[in-house]
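Please find the structures below.
Shared between the two complexes below is chain A, which has chain B as its partner in the first and chain C in the second.
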Partner chain A sequence: MSDDRKIGDVILKVDNISLRFGGVKALTDISFDVREHEIRAIIGPNGAGKSSMLNVLNGVYTPQEGTITFHGEVRKDMDTHQAAENGIARTFQNIALFTGMTVLDNIMTGRNLKIKSSFIEQAFWFGRARREEIENRKKVEEIIDFLQLQSVRKTPVARLPYGIKKRVELARALAAEPTMLLLDEPMAGMNVEEKQDMCRFVLDTNDQFGTTIVLIEHDMGVVMDISDRVVVLDYGKKIGDGTPDEVRNNPDVIKAYLGAH
Partner chain B sequence: MSVTRAAATADTFPRLLSQHAAQRPDAPALREKYLGIWQTWSWRDTAAEVRAMAMGLAALGFKRGDNLAIIGDNRPQLYMAFAAAQSLGGIAVPMYQDAVAAEMTFVLENAAIRFAIVEDQEQVDKLLEARDTLPQIEHIIFADPRGLRNYNAPGLMSLEALRTKGDEFDAAHPGFFDAEVARGQATDVSVMLYTSGTTGKPKGVCQTHQAFITAAQGGVQFDHLVATDNVLSYLPMAWVGDHLFSYAQFLVAGFTVNCPESAETVMTDLREIGPTYYFAPPRVFESVLTNVTIRMEDASRIKRWLYDSLMAVAKRCGADIMDGKPVSTKDKLLYALGNVLVYGPLKNTLGMSRIRVAYTAGAAIGPDLFRFYRSIGINLKQLYGSTETCAYVCLQPDGQIKFDSVGTAAPGVEVKLADNGEVMVRGAMVLKEYYKRPDATAESIDANGYFHTGDAGVFDSDGHLRIIDRAKDVGHLSTGAMFAPNYIENKLKFFSHIKEAVCFGHDKDNVTAFINIDLTAVGNWAERRNIVYSGYIDLAGKDEVYALIKECVEAVNAELATEGELSHSQIARFLILHKELDPDDDEMTRTRKVRRGFVAEKYAALLDGLYGGKTVQHIDTKVKFEDGRSGSIAADIKINDAKRFPAVTKAAA
Partner chain C sequence: MQFFFEVLIAGLLSGVMYALVALGFVLIFKASGVFNFAQGAMVFFAALTVVGLKEEFGFPLWLAIPATMLVMIALGFLTERIVLRPLVNQHDITLFMATIGLTFFLEGFAQLMWGSTVRALDLGIQDVPIEYLMQKTGMLVSQFDVIAAGICAVLVAVLAFLFNKTKIGRALRAVADDHQAALSVGIPLQHVWGIVWAVAGIVALVAGLLWGSRNGVQFALTFVALKALPVLILGGFTSVPGAIVGGLIIGASEKLAEVYIGPYVGGGIEGWFPYVLALVFLLIRPEGLFGEKIIRRI
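Let's turn to the complex of A and B:
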């Protein structure tokens, strides 16, 4: 049904990335690319370097070697602020929300970069502050509607079940209206129903907003179902890259990750 | 008041709508919460949208006498779709939105549906699936385009596109709409509601404009409903109760219908809207009370003391104060205090502060439950009716409320009892016919025009009707004593720990019961006693839980012992089922009525165990999960005996 979704040109490309922490080699000579509007998965066993790779992509880590090409611009590393300003948003493996704040307020924080009004304007609620608040709230409400969070709008995040918290995190990332979304294990620890919901939301996000999605995931079933292309890492090295079918039939991948299946 | 009544004179729904639009164009007709804000459609907006929708349908070839399927949650656009179909002389066929495609197929085929207006992608998917076997489904119109951008099935169209088409058609055919509305007759069928099908296939109940307008007018006069009233519509649109309250009475009285943001937000929306007129089946009132009770149990000691002592005052005199009966000055003062400290804030939290009239129907309501709401000043009443009678047969008049009766015959309704106790009804609200089922029509409407409801009832000394059971369910034990399963099941269900009960006993020596515990109530009970459990199955099998349920069963037995002939129906043995009865497994209807015959067949092994004297019985059960997969649950189920009491004659009341 989403077959006529247009996958565009390469927008992000990493070449020969190596990342070391002291003597520990987290990533060795990794190269791959991400095309516009696609869902790109990074998989691998525990400790394979998946989260490190994501952290390199949005500038949390600086690799010792290699280059990152984003929208044609070659650089040694990304800067977290630059990444955000360039339309990259992410979620975290261990939920990182403001637990004392409501769902609505948490998602509003995702609009931070869109706020232009000054501190004074906001404090006294005049000038641009008022108009911006209304615009931002509308955008946030659209996301609440999109991710079906209406019933918990005013609930503090600490009181929510795990699966919903994950959804709130996705909502906050979407509030920044990203062109690229990095999802770190969006379905970890979820039950079957929650996973299905999350898959639906990831696919809908990709379909509706054309957001490019790079996701790390443990659950093979999920990855094979929703991804366009998959990168496989093992011990910090790339051992496979291609469509889910290609990866599934790659002997190295079968040996390293899929086991006897 | 006279202004309101003046509006309610037209004899078809489309004409009622245009009257409201002409007389009070800016008054709010429909509201829906969208993007966190309540959006309002005035009567003028509503009439304009209905016109565009109707013209769009006409452009697609919808003609007089055609059926329009309407599927989805309560949405303003879908209520407008009813009026749009009726404007063209068509018939609205609302369907249960949570039914799976296979269940929908029967109705879609039976009603020969060519046109459908549905809410969203979920319903579109189901209709497209159904279309594989039913190619007659030509046009599927959806209100919410989310997720449907890349669908290109033929005949699929957004409501937006339909309106545009309608505006074009309207411009090209001036006067067409008004002429079509003028051609409508009060005796035309306006809506077809499918019965829930407790037995056999669902039947389409054809109701005319006149039937529903009569029923609505009766209710509006009886309870003095006015144009400034507000209701929250959250019950299935395919259910007769919602159609009467949120459509027929809405168009007759001209009040405002509010649609919740989503099914999960109903309680919040209720608080925000503060409806003045409210309708809910007993289970809704029950779950609200269970929640209140649980939260009070967890509250601090002082709050609990305050709540308990003031609720005792309310219980003693609250209902009498509301009914205007004499009450001592001391109680009046205490009640006023309670109103400030407890009842008022509680009603506010529940969104019930502004309720003038609240109705419940569809199943029996427990006396404690009923008294609770009345004691805190909510004018909760019962009514009796069915799909075939526009949910309008008996109503409880203000000030004459009894928990075990359904009131007196409503204005314009004749009620009498057949020799076997079956309730028979005559009046304008009786169905015209069952769709394509002359046999069923002939069977249920007799030569004198009385509709046989299938319910067994008795009139009490005040002329109030009391419903005992389904007439056909009333059976006899092998000893010949009368056995009314529903009556006993309801007594069991009045305990907050019991969610469902199914009783057996026809042609048997004694009565036995299957019990479903209420996971919330029993779970909380278990937690407070440090009983560890992993889920429903585990909890249901605990000896402590059996002991708890046994107490309830024996309390029912003690009560039955005082009720003359029914004293023979005391429950001899019972078991707690290892799974909750579920409409997805066909064990209940979509309106959550137990299909006793089906359950007996499915759990035949358990029934044998009950009557075979066993203390443990093994069973394998197939279950369907929400995503459509199926699996099975195996369990060893304990069977307990319950104490029975010698029959006693009731002390003079």
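Let's turn to the complex of A and C:
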């Protein structure tokens, strides 16, 4: 069960979501909810529909059926721009960074929606533009400190090792000061040390900023350790939902996911 | 030696005008990965609209140019809305075909609106040698070329400023790099594409004004786009500085080749020399001088 972190009310609720690509049913009748401040994991074998689920949550895919309720507002689908404006940030399974830019610039793009000055003000560097840039830079530096990226601040992302790139992606997501963070396999392909680092950063984010986290992960050890509740998908259907202990003892889950141990 | 410099300078200055056309290609290619075949048609369309407004409706030049700028901006956003948006996620070749379609539409539409006669465009800048230079050094350098180069320099400076200093610039660079990631930080992809096409339209307008006033506004302006191809191969399809340096090299080398190699092979080199140079470059450095290095990790 969860420790002493204060888990609040339900902030995101999906009801009866179905998503098809032509004849392929990616998701069938999925319902679950996410509570404020919790770490919610989505697990399942390859092709179970985990990434599709995440893509529905931040508006990349539009489900054919079902509704999404976010902060009390019921909608048929999200729109990526809206999702970002409503405080949903995400990272990707196959790192999606702006490889030509430096670490700093990448993280600054996360502040994109916070910039309100007009482009004329920005071009001539007066009025709100200057104040905003300084504020945003300050925030970005805080995140760089938090994720210990100081030493690579000015390095173009293309030159960084895999583990650090994943961290930069997390930094960019955090720069938007999200209320909800969607992480698509944040620890995939990492060695033990990198995994431990990433776990720590995810937990710290949840702890210090109170960010709600929805994550997809294959490493069962990690999932069982850090998440409060787990949703289990298989072939696009939900087969389990509950605390790590409950899920671990769910016969359907054992059969479908953990194998015949 | 003085003659050499004269040819070199004339070449460099005409290279600036090639660079201007290439710049339009680079902007769109960078942001959306679309090779916009219609860039040449946009140059023609813009120039013809200016002349048309001026002659048919009696607009003075200072009014015809901003009016055409608005037309080009509208054209950019409409292209995104009508042509590109329905084709999102299609193959590059599909988008390329769509821009070929756009080319035919623009060429036809422009001539339907304003007729197909060759028209003169007078910007009030005379194509005469600069007297001061002529008296001092004896070199003949066209005043028009120098002013044209100045206008290009200002345009490039403004673009560089826009790209590096503003939120929209950061969004443009982000979109150029990774669509998915750009979406995830809340950058509206379609809006950015609309802006890029509008900016490319404005660049086409400037190119159209300069080329049109030099060669007359006529259908042949669309072929200017072909000269931009070797420039792009030299400079790299994704680099703004590359487009400029590429343009300078092509301009200078074709003029020098014409003068120094031409006599040995019967002249007329200017027309094909840039393509040969581009071919050589493709063999040695396929990504161009400034293009993104093609790196494959195995």
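Convention: the second predicted complex is superposed on the first by the 257 of 261 C-alpha atoms of A that agree within 3 Å, B and C clash if a C-alpha of one lies under 4 Å from a C-alpha of the other, contacts with A are read in each partner's own complex, and residues count from 1 in each chain.
In this text, a contact is a pair of C-beta atoms (placed from the backbone, for glycine too) under 8 Å apart; a residue touches a chain by one contact, two chains touch by 3 or more.
The model shown is predicted, which means the values in this text are computed figures rather than measured ones.
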Would you sort A:Asp207 into first (chain B), second (chain C), both or neither based on which partner it touches? first
A:Glu36 contacts which: chain B (first), chain C (second), both, neither? neither
Chain A residues in contact: does chain B have more, or chain C? C
If we overlay the two complexes on their shared chain A, which of chain B and chain C does A:Asp145 touch? Say first, second, both or neither. first
Mind working out whether A:Asp77 is in touch with chain B, chain C, both or neither, as first, second, both or neither? neither
One more residue to check, A:Arg153. First (chain B), second (chain C), both or neither? first
Thinking of the overlay built on chain A, is A:Asp219 touched by chain B (first), by chain C (second), by both, or by neither? neither
Where chain B and chain C land on the same part of chain A: residues none
Complex contacts: residues of chain C adjacent to chain A: 161-162, 165-168, 170-171, 173-174, 176-178, 180-188, 292
Which chain A residues qualify as touching chain C in the complex? 58, 60, 80-81, 83-85, 89-90, 92, 96-101, 105, 108-110, 112-113, 115, 117, 119, 122-123, 125, 172-173, 176
Chain B-touching residues of chain A, taken from the complex the two chains share: 1-5, 137-138, 141-142, 144-146, 148, 150-151, 153-154, 192-193, 196, 204, 207-208
Which residues of chain B touch chain A in their complex? 34-37, 146-147, 149-151, 261-262, 264-265, 268, 626-627
